[in-house]
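Mind having a look at this structure? Questions to follow.
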Amino acid sequence: MPDAIEVRKVPIHSVADASELAKLIDDGVLHADRVIAIIGKTEGNGGVNDFTRGYFTQSLMALLSRWLGESADKLAARIPCVLSGGTEGVLSPHYVVFARSKVSAPSPGSSLAIGTAMSAPLPAEHVGRAAHIQSVADAVKSAIAQARIENPRDIHFVQVKCPCITSARAETALAQGKSVVTSDPNRSMALARAAGAFGVALALGEISEQRMDETALLRDFSVKSDRASISSGVEVECNEVIVLGNSRHWSGELRIAHRPMADALDIGGVVQALRDLGIEAAPQITAQDRSRVRAVFVKCEPDRRGRIAGHRHTMLDDTDINAQRHIRGALGGLVASVMGDGRIFVSGGAEHQGPDGGGLIAVIASQQAGDA
Amino acid sequence: MPDAIEVRKVPIHSVADASELAKLIDDGVLHADRVIAIIGKTEGNGGVNDFTRGYFTQSLMALLSRWLGESADKLAARIPCVLSGGTEGVLSPHYVVFARSKVSAPSPGSSLAIGTAMSAPLPAEHVGRAAHIQSVADAVKSAIAQARIENPRDIHFVQVKCPCITSARAETALAQGKSVVTSDPNRSMALARAAGAFGVALALGEISEQRMDETALLRDFSVKSDRASISSGVEVECNEVIVLGNSRHWSGELRIAHRPMADALDIGGVVQALRDLGIEAAPQITAQDRSRVRAVFVKCEPDRRGRIAGHRHTMLDDTDINAQRHIRGALGGLVASVMGDGRIFVSGGAEHQGPDGGGLIAVIASQQAGDA
Amino acid sequence: MPDAIEVRKVPIHSVADASELAKLIDDGVLHADRVIAIIGKTEGNGGVNDFTRGYFTQSLMALLSRWLGESADKLAARIPCVLSGGTEGVLSPHYVVFARSKVSAPSPGSSLAIGTAMSAPLPAEHVGRAAHIQSVADAVKSAIAQARIENPRDIHFVQVKCPCITSARAETALAQGKSVVTSDPNRSMALARAAGAFGVALALGEISEQRMDETALLRDFSVKSDRASISSGVEVECNEVIVLGNSRHWSGELRIAHRPMADALDIGGVVQALRDLGIEAAPQITAQDRSRVRAVFVKCEPDRRGRIAGHRHTMLDDTDINAQRHIRGALGGLVASVMGDGRIFVSGGAEHQGPDGGGLIAVIASQQAGDA
Amino acid sequence: MPDAIEVRKVPIHSVADASELAKLIDDGVLHADRVIAIIGKTEGNGGVNDFTRGYFTQSLMALLSRWLGESADKLAARIPCVLSGGTEGVLSPHYVVFARSKVSAPSPGSSLAIGTAMSAPLPAEHVGRAAHIQSVADAVKSAIAQARIENPRDIHFVQVKCPCITSARAETALAQGKSVVTSDPNRSMALARAAGAFGVALALGEISEQRMDETALLRDFSVKSDRASISSGVEVECNEVIVLGNSRHWSGELRIAHRPMADALDIGGVVQALRDLGIEAAPQITAQDRSRVRAVFVKCEPDRRGRIAGHRHTMLDDTDINAQRHIRGALGGLVASVMGDGRIFVSGGAEHQGPDGGGLIAVIASQQAGDA
């Protein structure tokens, strides 16, 4: 029977609760050994001291471990689990499970394709530098091969989770006589995201090897990928990669589309990505179409020049609330209102991901209504 | 010549900067003695220790005082200046100036009408209680009369700024043997907003005197006004009221419309309010229509039952970021994306203002394009 | 051989890390079945959405479960694990392990004594009400009996962890037709702490049954216990109690002392508690004495009247930082500077615990220098 | 009659309230034309968007302007007004007024001496660079000359307020083709403080011109001044300098002392600075000695290596609360408990000011008890 991918949007009822997935497994709806990857939003602050990602991963891996008889550590090392902290505003904690499936007959045209990869562990002294870029690029190429996507244009979303430099890791590296690119944890997260975006752009051929200069990180924003979504966090030590696209080697009702977002107000990009999948927002999508939408991924960031559509914003000068929390809340409000659903993956820190000051959106939807 | 109202949206370049209004006055575009009222958003946290409202008011009144030869205190006592702190996410600090004007000929039909009022100072022991409700209701009725709006259905937006109870005011009242309804400053702000909403509902005949029980404040959310927008802050001591509607006693190109918002995702309410004024959002309004929009006012709140459209939100359990900051950021993202402009007045704390868990939107627009 | 208690102060190297305890067990220094109770500080925000407590508990119980062959749930139900979130300022994440021990010969006089108890699960509708007070009082009495402390004056510290009301729990209770004392999560934590303090005061005979009026909670601050330390959090469903004192039924080098703190500046209380144990601070204790100190517990709170020693403080009016975070940071600075060690248990929310506006300190120290 | 300096500690009753100084002037106690300088703490967040400093300065200069008939702008340009935002924990908003005075007879020995200076405005492209260091050094030398302090060892405290780079200023500089050292506002504040400290160290001869390499800023922490206290904020455009020491050219009962603080727990440094002035803390100073203390200035910072006295702290990894807010709260708790008074100037950001990871304290006290 032809290969297909099953995509399920699962709510998190409390911080590290995996009960809804447990139920799906218990009920025989989804066997644990079919799980390929997970992308989700947890309710922490999305910053250096966001522990909800690690906590939820611990719950999830313990659950899968019980079913698969494999240690949680081994599972974590082969199943990418990319969590972004921060469900500001109307966003709702949830995760999207990607699982292997079979369909009765091959689908005409192409269907949703997936590939994953894990790089080797990245030492603190490599984070945010050339070695980091290359490590991501290699892992992305490996995931593309696994996804059996031949034309890079059919790749619509590449999610990468990169390690960052905590105070403790910086101390360790310095004690070993290594240098780190920064000892400011928040800045290290930004540099790690930038390096990841460069790696994706390189792997997708969006830019050439010549431009892959590490000094361009967080400096030359014309270097970018419209399909890269990079997170960074204290809980990973290697680069975890998930590649999503459409391919004729896969079957099933699901397809993915993406659009860049020109700025943080670009509701047009959201509506167009839906339209690419045959869904109209007028202005909110219907309940029936809502049941077709299996996942929404958004990357965004506070315009570093301090203006959006010509008007001053105050996100970058706020010492009380991290700017990434601000922008996630704003984009969450925008996209969730179009979808009629707060279960949107909105991740801040879109340096070199989509247009400068904007970002991107990717949507996975079925050709037919179902249980989203 | 017939009376009209001029409405100008003015940017704040830095926290307490009134330079753009100064320029309008200097250039003879807007004489200081024509200013009736001001509604704006400043860049503080919108909480008890948001000092940006008081700081900007000080700048503004100093400016007008220089032109009018009247003390800043006297000006503040007669010109309502309702500022809401918090430009989370894509929101942009700005203020809307309402000024008396004349037009060459009477307009057919009705045009934007305004009336203002100030109550007597409200002692801390009255805040959030029956005496507070009555004080607001009386002031709103007085403002309606001044606005010459005959049918309450032609009233579209009533903005009230109420005093709250700071720790210091609570101490003073208690030292005098008075009781206060709460000594928690954040809770006092919520109760003050609730009392203000009850006062507006009473004045507009939305509900009857019999239901005006102070024990229903923050308890019975079926008591509400779809046109009330209440702020509360440390910097006022009386209730300041601005009534906006349409009336045949006024002329000019401007009109106002409003719609309730069913929940924090109700983009339909936003689109309908614009449509009431002949403006289409598809999905963002055009640059030409943008120049017609003179002011956008939004009230909203984090659903107190912890769910939006059936999905859990985390705003109420967040000890790091006040829930009102969260919801302003989300609605700011939604409404600004439709408008293509972050200069939106979004105010949290919509208790009894619009549907429970939702809020309302009001828009002022010209029949013709102009300089917004 | 006579019974004794071993007390160990263990660092947390990262959020949910129990590796140092694992090492003690692995090395045979401390057998897992000797663990009686744990009191610690984790690095969350100490508020409703502090997930570090639950996360660390999960790690700890998993560790003990591996050694004891008992499920983590069962362990959590019999070993009190009282964690307070928030290591503001100079505070350092750590936990204190209390373990059963034996000494070769009975000690003259009295030595550190411990007793623990768990109440039945407390439903949300009981939190912060009379039933809550009684539930705590009963559990404390049971723990005193277990500790074999005959004279209530020999009890020096009673730690209780109480459940609170999250938005979700409030929803559930309301859906069942029950009422909750408040649906504001932060307020529910305060009421739960108050009820816990009343329960301790009742059990210790500090006040009479007649004064145990639930309407006095957070109102009549003359009702108090100088030895109660109450935490509240989302991660517990019953009241967990640990009683500490000195008793002739126990042996060993350890003793405990406590002192009330009159206000948040009362360094005198700190110095006196140390002096009760034969330790001088001049102004910081010596390295040798530091090795005698096994645990320091502090309760404190931001004076609700807005003044400390006659001068205004701003903690209660701060919408950006929760007042409990402020006061923990201040007391942490004070006490850690005297001790020369940031591993202090400082817990906010001292309503009815120690003098109004102040709090209390308890110290456990050995008669001889050792490895603290 | 011999010159002396009068030093008054004045409470701020609400954010921008200068009423207590107004009363002193009204009552003839302190004539406005005697005011030399002001150092104070306001209740903002101490970060980029702390507007309380500018707001209070506006109030203060308006007050002095009314008495002196000089414009507020001119006054601000000649009277240094150094405000540090952030009254975390037990700290109390207040300011210290330095005023010219005369005494009836010359004092034996030396008395408190003061000198002030203002540099030329510093463009954004100079902030945090060599030109910034030189600008501060020149201004400090000018202030020392004015203070008539001959031996640099008699200088005990040099307060400097430096401009920083906001998003808006960075935009302006970039638009003019200039480069800025960083476009991250928080980082620019740190670099500005570092440059200020280098400037003071240079002027005081603590280090030589050769070591004044701008690349050492925030890198080589062996370059330091034990008497520099540097603030940075959006509200100043030039470097404002106040030099304090003891000199035989001045008379009166006041003297100043200072001590470095080795780390954030160094209560010994506090006690020693008091002892230098003949005041004993045992452990808190007496009410009589408290009336002698006219001002307490503390600089401190969160150890950038993540440890204090060997134990991990979490300030640098906290995305919710800025690390400077944490450390001010901790040191405020320490020092205020010794003084029995929360009116302490505690300023974070002690890069190159005092020992690495520590800071410094300076105290001004009278030889006799009085009204502090």
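All chains are identified by letter, namely A, B, C and D, in their written order; residue positions are counted from 1 within each chain.
Rule of thumb we're sticking to: a contact is a pair of C-beta atoms (placed from the backbone, for glycine too) under 8 Å apart; a residue touches a chain by one contact, two chains touch by 3 or more.
Just so you know, these numbers come straight off a predicted model, no measurement behind them.
Colleague: Counting contact pairs by residue number and requiring over half to coincide, which of A-D, A-B or A-C is equivalent to B-C?
Modeller: A-D
Colleague: Averaging each chain's C-alpha atoms to get its centre, pick out the one most distant from chain B.
Modeller: If we average the C-alpha coordinates per chain, C ends up farthest from chain B.
Colleague: Count the C-beta pairs in contact for A-D and for C-D, then report the pair with the higher count.
Modeller: Taking the two pairs in turn, the one with more contacts turns out to be C-D.
Colleague: Can you work out the whole-Å distance between the CA centroids of chain C and chain D?
Modeller: Between these chains, centre-to-centre, one finds 38 Å.
Colleague: Need the CA-centroid distance for the pair chain A / chain D, whole Å please.
Modeller: Once rounded, the distance between the two centres reads 46 Å.
Colleague: Which residues does chain B have that touch at least 2 chains other than itself?
Modeller: Within chain B, residues 13, 43, 45, 49, 168, 312, 314, 320 contact more than one other chain.
Colleague: Going by the contact rule set out above, which residues of chain D touch chain A in the complex?
Modeller: 45-50, 166-168, 171, 183-187, 304-306, 312, 314, 316-320, 322
Colleague: Would you mind writing out the residues of chain B in touch with chain A in their complex?
Modeller: Listed in rising order, the residues are 11-13, 43, 45, 87-94, 264-268, 270-271, 281, 283-284, 308-309, 311-315, 320-321, 325-327, 329-334, 336-338, 340-343.
Colleague: Taking the complex as given, what residues does chain D use to touch chain B?
Modeller: Contacts found on chain D: 13-16, 43-44, 49, 51-52, 54-55, 58, 168, 320.
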